[in-house]
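The next part holds the structures, each set out as structure tokens.
Both of the next two complexes hold subunit A, though its partner changes from subunit B to subunit C.
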Partner chain A sequence: MPKLFGRKRPNIRDAAAAEVPDTRPSAPRYRWKGGEDEERLDELSRIIVGRAKELIDHYQEQMRKAPSRPEAMAWFDERARFLSSPRIGEIEEHKANGGKVIGTMCVFAPLELIRAADAIPVRLCSGLHNTIATGEELMADAGLCPMVKSTLGVKMTHASPFFEASDAVIVPMVCDGKFKLGEVLQDFMEVWMVNVPHIKDTQQARSMWLDEVRALQQQIETLTGNRIYWEELKREIQLSLRAQTVARRLYDLRKADPPVINGRDSLLVNQTPHTEDLSVWVEHATVLAQELEQRVRDGIAVSDPEAPRIMLAGAPIMWPNFKIPQLIEESGGSIVADELCSGTRWLYDPIGIDEWIWDDMFQAMAERYLQPSVCPCFTPNDPRIGRIKQMIEDFRVEGVVYHVLRGCHIYNGESTRVKQSAEDRGVPMLIIETEYSQEDTEQLRTRVEAFLMLVRARRKKAAKAKRRAFKTIDGSEGGDGA
Partner chain B sequence: MRGKVEKGTGDSVQDGRTQVTEDGRTLIRLSLPGRKMPRLVPRRALVTAIILIVLILVTAITHYYVANTQQEAAEEVGGLPVGERTEWSLSFCLRVEPERVEAVPGQNITFILQWRAFHYDCPYWLPYGRSVEGVIVNTNITYDNVILQEATEWEPVDDLLDTFEMQVTVQATSRDGAVKLFRDCPWYFDQKARGVVDVPGGDGDGEEDKTSLSAWWDRIRQDPLATLMVLFLIVAIPVSLAARYATSVKQVRMVSQLSFFGAINIGVLGFWAIRTEALPLTAALPSTACNYLNYSVGACVVYQMRHYLSVGFFNSWMFIVVLILTFLVLYVAMGRAWCGWLCPLGMIQDVMNWVRARIGLRRYRLSPLQRQVLNVGRYGIFFAGILLSILIGIQIVTFYVDAGDVYRPICQVCPAYPLFTIGQAGTGLTTSVGAQSIPWIALGALSLFLFSAVFIRRAFCRICPVAVLMMPFNGVSGISLHKDGKKCTRCSMCYRVCPVDVTEVWKEMEKTDITVHNCILCMRCVEVCPEDGCLTGRVMGFNAIESSYSKFIRQHDRGTRRSMGRHSSPWWGGKGKGGNGPPGGN
Partner chain C sequence: MTVTAGVDMGSTATKALVLVDGRIAGSTARITGADPERAGEMALKESLDQAGLQLEDVEYIVATGYGRRALELADESVNEINANARGAAWLGSSEGTVRTIIDIGGQDSKVIALDEDGVIADFVMNDKCAAGTGKFLEVIADLLEIPIEDLGDISLRSTKPVNINSTCVVFAQSEVVSLIARKEAPADILAGIHRSIASRVTTMARRVSMDRVVVFDGGPAKNKGLLAAIEAELGHPVVVPRHPQVVVALGAALIAADMLTDDGGGA
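Showing the complex of A and B:
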């Protein structure tokens, strides 16, 4: 039933009242080598793109080699070619028709609003490792998170077509890296900084966040020239809900023991919607989910049933920086769960609408990004540890690999507590602090293998203890045969 | 099948989990986590159930006892057996409004009688008793279609209390063919004459042969227990149907509220209670059965409380027992689920909220400070009402004040009073006595109530003094709200949908029983929580409703549901067929 005030947007006053910070791009104010030397820039760009393609091909090949890979992954593979994905053509066409593209970082940009204004949201956090050196020319902090420097480098060298297509980028003020990245990026493009309250469950944080999203709404509307109405917002929320539902279906499917999908594949599936058209993604993810459900019924697995069930936690792993998951699965582990903001967390939490009126929809949509988020930039962050514990239980995790990007203090600062609470549940945890570069691969491999051995040994011990317990109870051998 | 694990990838293949096919490949069978065993009945629930059963039995017995003594008393005094006479004499205090009427003895006078007949120890007589001193002898009084004839004379019956008694002979007709006097007065137990008058040509003139069916019907109508049963069925049948077919708890709750409203209003509309002597005994309900309504089923708890505080408990201990027992049954059994599922005032607020959402107006959310202030106001009204009642009781207030509204503590600020009495008068089916003496503060309260209920969810419930009586029972009663903090993602959806802004359900991570005093147990939060098994609503210790993603997504649009396929998880009891996949899917 159409609402009486459906076409009119009831919150015109709010959006107008929201104060928009002035963050228009300035003329380049700061100097770096490529900024002056066009030829060198072209050269650099070519090299970077070439290397990135090699890297992507390498990982895709590795992933294809894994046994019994789901057929439905083909589409995701094609789309994940990133620098030569067919999506680029679609975005260019959209732009040629006067559409806008809005870049986002982290998980806090209200994608529904962007889509409702007929713009395409793309997540720009970068996983390319050879742009870091370039990024360091403007952010020369050796101890800074590689993801931030890589993202900056991508923009400086024009390496990513998604970045180039973006008319503006939404940068949430979450950690020091993102915070300063937003400032530097203002030399290159329009940047919308968003204040994210770090204590999120107070009344004042809630209202501040709502105001921030309202300001974003106004910025989006100004940029695209499209007003966002009730119908559009509803349509987009429903699309998001569809996607979230499929994502949760896939999430639940990963609980299967033995796993029916590889951790890397799953990570890739969850990252594709960063740039894809969500409705298309939903269709393909549904096909994948159906295939996986069939597998559960048929009893087909992708890995050795005895492979240690590993959970990947910690700092985001952006495609194509798949060093860690690749290492784990190569060494015989099986990643059955991840807690990454670039993985399951991207689509896990749904938008719950109480009343289909503008205010509630808007609030639900905005709060969905803030409240359930367990990004460690929030405090207190016990819910994150609770969530990891719950996932350990739900996914029957036997070992946690905690990935820390060197220089990411918020993740590193929580690692000890996560480790302790995981170990309290009898699950060992390996903390890997690493950069994007491949140099430490072999060294990490040794550590990962040792860790997997530890997990196997623990399992044997536990199984023995269990069998003994069964014997004492009913005198028979315990076992969980189907 | 598409892909299979090659033999040999698992070097330590275990028995039972793998199976080798003819072509030499290994299939791995899955062992899926089974469902958890249902929990045994917790002790508290058993105790509650036993208390409940005992209370119901005692209440039922008392009800019978009271009904019988009452019938006897009525006959003793010359009260009239139901449905047989058209005239009888009775005694009551007469309140005459709007202006005092003085009449010469012997003179026939016709004036508007505010049909408000009070028993001698009614607290209202105090101001008005004096003003009608010595009037009306031999008078014809007509009111609407009721004619009072041959009023004799006023005389004080009790020196101490300075009360008056009036003997009149009443002849009554009414649109329904029957009229019941004194329904307005909660003191009707000791009323010397109660009864229903049959009018020649009316529907029952007492002469007709009772078929066995109508006798049976009459029997039920006069039996408090049977009436209770019928009331129960009127609510239970639609609710169980709704629980089976509705898609959300919200809808079930709405059905429950509406059918309960219907049940208690059957009397008001004159279909059920019109001849039922026993009916007024059946329940003492908070704010439902406003005592100012004609034919309401039950009696408002607030009214009883303050009334007896004012007039003492001497003649009516049995009623007090009934009241307390009913009160305990209701609250011990339900806690504030009463508010969420039955209370008509709550229902009206919910309906107005629903209308607002349909129109698309925004909702105003009270700030924590405002909520706190209102909550303090709730206690303020409650205790001020009690204090005032006691002051009336010990005749301190009467010494200084000579105005009627003061004698109705709490009722004078209760929006239910004008709302329901005007509503009753508005139906045109019966007259409503109460509507003629609405206190002006109550009118103000009503307009505030109507206005705020549009924009604020359950606005009145934040300040409702009845809840003071219920809040201690919340969490002790059989219905409770539980949370598994481990599963909570702190998405705050439960807080956003809560009609009374309970924050504990969102923020509490440690305790498992989160039934707080403010919670009206509407179970909306359970329904919207997207995490499987995070929130549970329990009835008598059994999980009546448990949060799950499939419940969550079912409330959103059909289009969203399509991606669901089966339930959110293939092995959690999902029996639905696979979703109609996207184009190109299998």
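Showing the complex of A and C:
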């Protein structure tokens, strides 16, 4: 068998020798007038941050309206006000002590390596609406996904303290939007592009991916000046495993009928680790899980126990872009499952370690970002279909809402297949193509409401059919009231 | 005597219908204008007048349509897709169970597929752009200075429909201006416009349903030229109810009646 690793456990001297080419261009490639006038930029930034806070307040207010919201959500609420979260202070302190912060996008950056080097990983994919216009000044493509433009706009306007704190950002080459975004961002910060193989289960893809992760390791070590040792990596893998265990517990709790937690809250809980200290998150998520387990025992429903059970699928929904989940739940649906990369997807297939030796650990850690991933940037992506079918069954899903961000072709491209396979299981699916703006809310509401009615009507019909079947077996009359 | 009413608060027109013991006793349609609530009240009053009834006689009122929340005297509001399905399924068709509804409204168009029991199976909507909606027809009628009711008859006289390339209303408008300048016959221009709308909505229809029993409703369904164009695109006949504009209001009135019986209503 060919050796996958050229070297064993790295040591400091290797690090000194490892030359990491500086990928930053010496002069900016893009001219951006808005960035030159600092005073006006500050003003713009203030306006954007103000509006973003209003948006966050708006959704939080809506979410707090749930009649019996779990008390443990309080901590997540506080952290969700991320533009003024106490986390910012923690990160500033970390940086003042010489610590580094590394931005990530999507779900491909090896977080364990970042943490093992004592750096803080923060996911920078943005859900802010009002930075899009600024992003468009450098990426004017009208057909480009709003998440990409929003993320760029956040950097250009210095709106997010997490972006500002990042010493570098890891950008995976998953879709056209992301890799051109990485290019433009190079004018603003250090960018580490990562090649993600789109056909992933070949030997070439595996070894290429391992090389990519090894290169990242070097970049991380050079930036932080910290070598990553066996002990630290093991510690961080174990932390990830602990986090996934709690997340899995929370995931299973959503199978409860009636539901014990709202879909919006679940989504928020799953997104909090994007910026938080994972070990702190584990504590709070555990408290939440205990509270929810108690609710299951006591039979306390968070919303209408008869609400149609909806699964949210498709393109990422990033806090505070909660337009779609808000619409679904305010129209009377209950989101009991999601397969979003900004939702539960990060907990699929925990890192499997047979033996805690460096090579095995490293390989298992790296591979878990690739092999179990069902991101539509891969082809063929049959496992995603299989996973969705399984979730429909496990969570007793009655309807799927498939979210497409306009311009996200990879998610749109898979929508027909997902729809057909949901329908094969007798579950209807609504495809919603939208952007971040609130403009289309009322039109979408009409669709969502009609869809929920459709789901209810199907449920009624199924119940009737069941009663009829029962009657024929039973041979007796009656029981069919309506 | 059970009296219920449905009020369809559309973007362009407001429709009301009164149902007495499962029979249509009165119905009206009027321009929505700037005050939707008043339009709704007026439409309801006119339908009640036709039926010889007073507001107090009505046991249950259901509002529907984009402006449904504006009508305070309604007891309940329902989604217009459901109301449309209910109304069209109730009217039925001599061809068999209604399985597909094409609805063209003032500012949107939709296609609803029903299953064999009249329950909604799927739907698609175009509410992003005015192409394929009543608005498009209005704009063109204005340009050609032809009353909107006459569009259908005139277009049926066309011998050689023009090709309209733009699907966007704004661009189509300038295209029509240049067609007029080129002295194309209004009949041919209109036939081209109808064809363009028909091709848009039938593409939507094919996405949700291939069933042949198709009902076409909404105000523009009164346009015979548009109907002919849709039939030509689909390749089979399409049923238009006698009063296509009030099908959604009818559905709302039927749902109101359902709500009085304890079934709880719904599609």
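Here is the rule we use: the second predicted complex is superposed on the first by the 448 of 482 C-alpha atoms of A that agree within 3 Å, B and C clash if a C-alpha of one lies under 4 Å from a C-alpha of the other, contacts with A are read in each partner's own complex, and residues count from 1 in each chain.
Everything below uses one rule, namely that a residue touches a chain if its C-beta (ideal position, glycine included) is under 8 Å from a C-beta of that chain, and two chains touch if they have at least 3 such contacts.
As the structure is a prediction and not an experimental result, all values here were calculated from the model.
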item	value
Which of subunit B and subunit C A:469 touches, first, second, both or neither	neither
First, second, both or neither for A:282, with subunit B first and subunit C second	first
Which of subunit B and subunit C A:461 touches, first, second, both or neither	second
First, second, both or neither for A:67, with subunit B first and subunit C second	first
Touched partner set for A:390, first subunit B, second subunit C, both or neither	first
Touched partner set for A:442, first subunit B, second subunit C, both or neither	second
Dominant contact partner of subunit A by residue count, subunit C or subunit B	B
Those residues of subunit A which subunit B touches in one complex and subunit C touches in the other	482
Residues of subunit A touching subunit B in the complex	1, 3-6, 10-11, 67-71, 201, 203, 230, 238, 241-243, 245-246, 248-249, 252-253, 255-258, 282-284, 286-287, 289-291, 293-296, 298-307, 349-350, 352-360, 363-364, 367-368, 371-372, 374, 382-383, 386-387, 389-390, 393, 479-482
Contacting residues of subunit C [partner subunit A, same complex]	66, 79-82, 108, 117, 119-123, 125, 127-128, 263, 266-267
Residue ranges of subunit B in contact with subunit A within the complex	1-6, 9-19, 27-33, 357-363, 367-368, 485-493, 496-497, 506-507, 509, 528, 530, 549, 552-553, 556-557, 559-566, 568-571, 578-579, 581-586
Subunit C-facing residues of subunit A, complex	428, 440, 442-443, 446-447, 449-450, 453-454, 456-458, 460-461, 482
